[in-house]
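Data block below; observations after.
Residue numbering begins at 1 within each chain, and the chains themselves are lettered A, B, C and D in the order written.
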Amino acid sequence: MSLATDRLQPSATSFDGLKTFIRSNSVWLLALALAVFFSLQSAFFLTPFNISNVLTQCVFVGLLAIGMTPVVISGNIDLSVGAVVGLTACIVVALQPYGLGVAVLAALAAGVLVGLVNGLIVEKMGISSFIVTLAMMSGIRGLTFLAIGDISLSSTDDRLNAFAMLAIGPISIVVVLFAGLAAVVGFVLRFTPHGRNTFAIGGNRSAAVDAGIAVSRHVIANFALCGLMAAICGIAMAANLGAAAPSFGRDYELLAITAVVLGGTRLQGGKGGVTGTLGAVLALAILRNGLNLLRVSPFYIPVIVGVVLIIALVLDRQVNGQAMRHGE
Amino acid sequence: MLDRKVDEDRSREGFAAAGEPLMRIRGIAKAFPGVRALAGVNLDVFAGEVHALCGENGAGKSTLMKILAGGIRPDAGEILHSGAAYEPKNPRDARNGGVVLIHQEMSLAPDLSVAENIFLGSLPCKWNGMIDRRKLNDDAERALKACGYDIDPAARVGDLPIARQQMVEIARAAAFPCSVVIFDEPTATLTEAEAESLFRTIERLRKNNVAIIYISHKMKEIFRLSDRISVLRDGETQATLRTADADEAQVMSLMIGRTLDRRQASTWKFAGNEVLTVSGLSSPGAFEDVGFSISEGEILGLYGLVGAGRSELAEAIFGLRPASGTLLWRGRPVTVRHPRDAVALGIGLVPEDRKKQGLVLGAGGRENVILANLARLSAWGLLRRTRAAALYSEFTERLRLRSPSPTTAVVTLSGGNQQKVVLAKWLATDPRLLILDEPTRGIDVGAKDEVYKIIRELAANGMAVLLISSEMPEVLGLSDRIVTMHHGRLTGEFKGGEVGEEDLIRAVMSTDHNRPAKPPAAA
Amino acid sequence: MPAMIMTSGARHAPVIAAALTLLAAWLFIPQLLDLQNVNQVLRQMAVPAIMALGVTFVVIAGRLDLSVGSVLSCSAIATITLLNEVGPVAAIAVALAIGVLVGCLNGFLVAYLRLNSLIATLGTLSIVQGMALIYTGGANVVMSDLEASTWFTSISRGYVLGIPSPVVLTLVLAVLCGVLLHASTFGRKVFAVGGNSIASAYSSIDVRRTLFATYVIADGFAAIAGVVYASRVMTARHDSGVGLELLVLSAVILGGTSLIGGSGSVLRSILGIVVIGAMQSALLLLGFPFYMQWIAVAVVLIAAAWMNVISRTGREVA
Amino acid sequence: APPDWFPKESKKPFEEIVVGFANLGPSLNGYAAAYFKAFNEYAAELGVKPIMTDAALDPARQADQVRDLIAQQVDVMIVWPVNGKAIVPAARQVAQAGIPLIISNSMIDESGMEAMTSYTGPDDYAEAQEAGKIMAAALNGKGNIVLLNGTPGYRMAQLRYDGFMEVISKYPDIKVLDSQPADMSQAKGQTLMENFITRFGKQIDGVYSVDSGVGFGALTAARAAIQEGTLEAGKIKFVDATMYGFVWDLIKTGEYYGSVYQSPEEDARLALRSALKLAAGEKLKQFEYLETPGVTKANVDTISRPNF
């Protein structure tokens, strides 16, 4: 690509091809490298049980990160997802006496509702999503504690936990569900007008407005989707643990955002996708699982995770980085 | 030869504003806090005419167009479109009503494809809710072809050079069935050849009986293209003229409310010492082996087409871009690694993109002016406020800046006034060499003349000026000496006053015009 | 004219909100403004207030610093463990050095490597807290003589001219920051970088050095807050500061400093802290469950941000 | 060589036993930190290498980590649950994998009890009852108290509240003014107490805290108020349910009224020892409780000073 010839050069060298590949899949390469490293270090790493383990461990943060991806692409952020996990986990357990269906629907509705409120405040009041969702994070957590109290709830309907324990071969049903949802969100982002408009809004909001895109509607829809995914995460967590407490999902918003950004989605919006997010979720899960298998003292894990996080960011800047202005 | 072509095109000489206008604008008013942008504008636009809109910076042209395009709602007044009330609530309404605006500021989503950008807001869908890619790309291809552009509809817009991006913007006009197309300063970033193809597009639209509103600060274009000219001043319509009956001077005096004094300032120059000598300067991917020198009191024009690498050269001299080669400052070798070093030597740079590079838009004029002068305004690390205020008033008064107050956010100022703030900032540093990169881009004739006067005055007082411009008349009119640049290399040197347009054009064009010169800057 | 008044009114929204909150609270809970309670609230809020002073610089420069809470923990741990061994002066010096060091790391990552500040400082948060965890093994470090009263303990527990000493310290630091931010040339650079870093670079400002400095200030102040914390609580853990980063950020936002960068003030951040402190105290005095505070913070945060939006639109856009 | 309490007929040689320990994380408080330190020291002393995981107080992560340990085919597993209810499904998976399971320090929910082989640790309810008795005695059955509770959602907090209240409710003249969660944090205890003092002032006769960390925070607040003359010296009786070293000192001087002895070292050693025995195939009692005697000035000298 050059000033004069904008047609993609078909005769790109194989080096260019490799570079493009690395560029769009750098985090997958990181995941791969980690997997190779740990399988050389631990005999347990590549056992079917452990593989299914790692995949299962992707699910909770993964659901949030997938839901967060369109929000970030449209130029926003959602810090409230962790609190929504706590809220919806409690709802799905607390409302079981009214029937499992009611409980699940109520939890999903609560997630969507929080998303809608987030989106509405952001769009209609014009407040930055960071502030809105920071406030919501605090407010929802407070409300949940106020309603439930300092206790945890036991799931009384065994079907919930039984469902979470289902597996197709070694792969847990939750993983399959997660993969399906990720595919849907990825598909929507890539192939539907809503998805493309989301990119347009994040890339150049005023352009999107000028082009007659109903910007608010798309932004709100993404927040609602994010809330929905957080609710699914809350339900899945309650199912998996057979219990719920208002403190569920604490700090998960940060884990999710980390995965989204490591996956190559630009925090300012306009660029990114589900594939990268998935790779980042996987890489982080492999890292934690592998360190565990290597019997690294838990005291060292936060330091290692922090360092890997920063290295990954630096590498991403190296391959994908914006042409840096000298002197800036 | 351009002029002859204009004459041939005068077949529409007899354009008569007869019958019902397609769009009738009556008493449109709009106020922003502290500014009355429009104070009752009346305008009739007919199908099949090119209606030029002129006015000083801040006259309200863009505001009026945004109202037509549904981006802003007016405070008062009414618009009739094909006889019916026209009150677009948003750009989508406007587009559905057949009104398309090609923006002054680029209005594209960088991470989407060319085709997606052209059809942004109305992407074609299949029955299952998915985007119909084939139709999208075919339609886009057609729209691009219709404008005569050879751009891959699947290319990512952010990867295109700026001029191509502007073409994508323009192609939108051909992509939709529309009755009114508004162009707001479309040629500001186009080369003359690219502008030519835009004019052909406009011609085609006109033939299809579309009404075109065309905003520009370039008189030549206006007289070449338009059937009628309306002049806006201080948010009011001054007059609407038939282009065939009007002349430049008349339009300009309507714009600024007085006649322009277009006498050249004294051309006397004292032969100063060399201030800066550049030799063997290279920056990979931008320019190579550049050498020239510039003396006190000299205006050196640097002419080239968009993408020639002139801005990069300026950035390198100013310490914003790494480069190899030697710089001699008053005969002594110097290294400039950071703009601080450049400022310490006495170099100033008025960058080409005032919004991105020139201004802190949310801050006031005074805040902006002091930014390049902090070292001098500091006493024990504290800002000397009275000195800062004095500095601001001195230079903004000299440039006749129009701003409600020193703390008014510059984002609310018109383009020309914004440019003056940037100029004031650099003049206040009292530079020995001032690099001006497209100093009059997007500013009105009145402001342009003021800027020219200032440049001459500065040079007369011994300042060296490196003038980078894509506007031939500007370079020819101001420079003592002109160097040309093409594909990152200097291709010629001419003496001011002894060189004609053809010479310059020849020097910046060559047969390998389409050879890639450098990878585009990543967005 | 009325528009102007409303506009300027909205600009001072945080001040007005603070006054109104206090007034309303006082009407219902007379004890709130009892001298003793006021002293107490101010004493309690001194630690977050000092952190907020530093964080304000980073936020005005358009970035975030999530690591301040873990810097506080580290600084408090260092102060307490070294106090017994090398005396207060050296202990405080080491504690502050830790803050400056982390500030340099953050500054390097954000300013020179140009990493996203949210994620990068999340990374340093994890690293710094992890180091503290390794160092203490998760244990409380406790001051050896809990009943001693030295100048060190009076940093947070004494009085100066009848005013609680941490409040005096906070005020002194606030004045310092106010001068640095609003009257110095460095302050202009911070605002410029937050407003438009490219234009700042074109104006010969060293953007990287300026950004770097804001992190040194933020984490340095977090370390000072850690010393005050140590003096007040007398024990510390690797996670003593967890949650403070968001509290402090909320206060800064509450004060009307825009997260986009380029605007804000030290005074407003302090006001934000006072509002949060008064509100927490009022809710507790009214006997509300603790969680009520979280809900109240949410409401106040959105209300303040909204007033800020109104004031901004009042000035610029229709 | 295996210690003498190790069964002679073991299913597996002592050296080859792999112990997995999914703990909630030292972030909980000083007690937990001392526990982990003791655990590691004891393991080193015995020459076993346990696999430790840290859930950082996240129940979902803890469940994942339990599964990581199953994947590594540990011979026996110890779990200190973040949340007694949320650990149940993971505990069942441990049982399914045929791995004996010890729940340490904080109980698993009733519903998961069948998956657990044995519990080792304090009897939190009994401990709180003990604290309740001390408080009642300190106040002579009459007075106003405030409660500073543990981390919301942590099972122990509930037991420490219920046990205490069971005793206190027998004294109609003891009134609970308010109860707030102090998150097992000293700083929070201090802040909450400062607010209690403003609100209730001289009405407060007793402060019950979940443990000495929180209790010491409350004491610090009271000291300041005494200095300022808001409170009388020595009037408020401070009682908590797990004694830290510095509170032992203060009980000796009389500034702090009483607490309950609970040793993290004993807690940790008991857990590891029981785990090794289980792995060897020995049968254990379902509940192996620690000794948790009440401590006041009267008997403080008979109790060794906790070193955390």
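Observations on the structure shown:
Everything below uses one rule, namely that contacts are C-beta pairs under 8 Å (C-beta built on N, C-alpha and C of every residue); 3 or more make two chains touch, one makes a residue touch a chain.
Because the structure is a prediction, the values reported are computed rather than measured.
With centres computed as the average of Cα coordinates, no chain lies farther from chain D than B.
Per-chain Cα centroids separate chain C from chain D by 34 Å.
Chain B and chain C have centres, each the mean of its CA atoms, that are 44 Å apart. A separation of 72 Å divides the Cα centre of chain B from that of chain D.
Inter-chain centre distance (chain A to chain C, centres taken as mean C-alpha positions): 30 Å.
For chain A, residues that reach two or more other chains under the stated contact definition are 145, 299, 301, 325, 327-328. The residues of chain B that reach two or more other chains are 320, 338-339, listed in rising order. Counting only residues that touch two or more partner chains, chain C has 133, 137-138, 198, 200-201, 289. Touching chain pairs in this entry, ordered by label, are A-B, A-C, A-D, B-C, C-D. In the complex of the two chains, the chain C residues touching chain B come out as 3, 7, 179, 183-189, 191-192, 195-196, 198-206, 262-263, 314-318. Against chain B, in their complex, chain A makes its touches with residues 1-8, 191-193, 196-197, 199-204, 206-214, 270-271, 322-323, 325-328. Contact residues of chain D toward chain A in the complex are 23, 25-26, 49, 51-54, 57-60, 63-65, 67-68, 70-73, 83-90, 109, 111, 149, 152-153, 155, 157-158, 181.
Residues 69-71, 90-95, 101, 103, 105-112, 116-117, 120-123, 125, 129-131, 150-152, 154-155, 158-161, 164, 307, 315, 319-322, 337-339, 513-522 of chain B are the ones that touch chain A when the two sit in their complex. For chain A in complex with chain D, the residues that touch the partner chain are 44, 47, 49-50, 53, 56-57, 60, 145, 150-154, 161, 164-165, 237, 240-251, 289, 292-293, 295, 297-299, 301.
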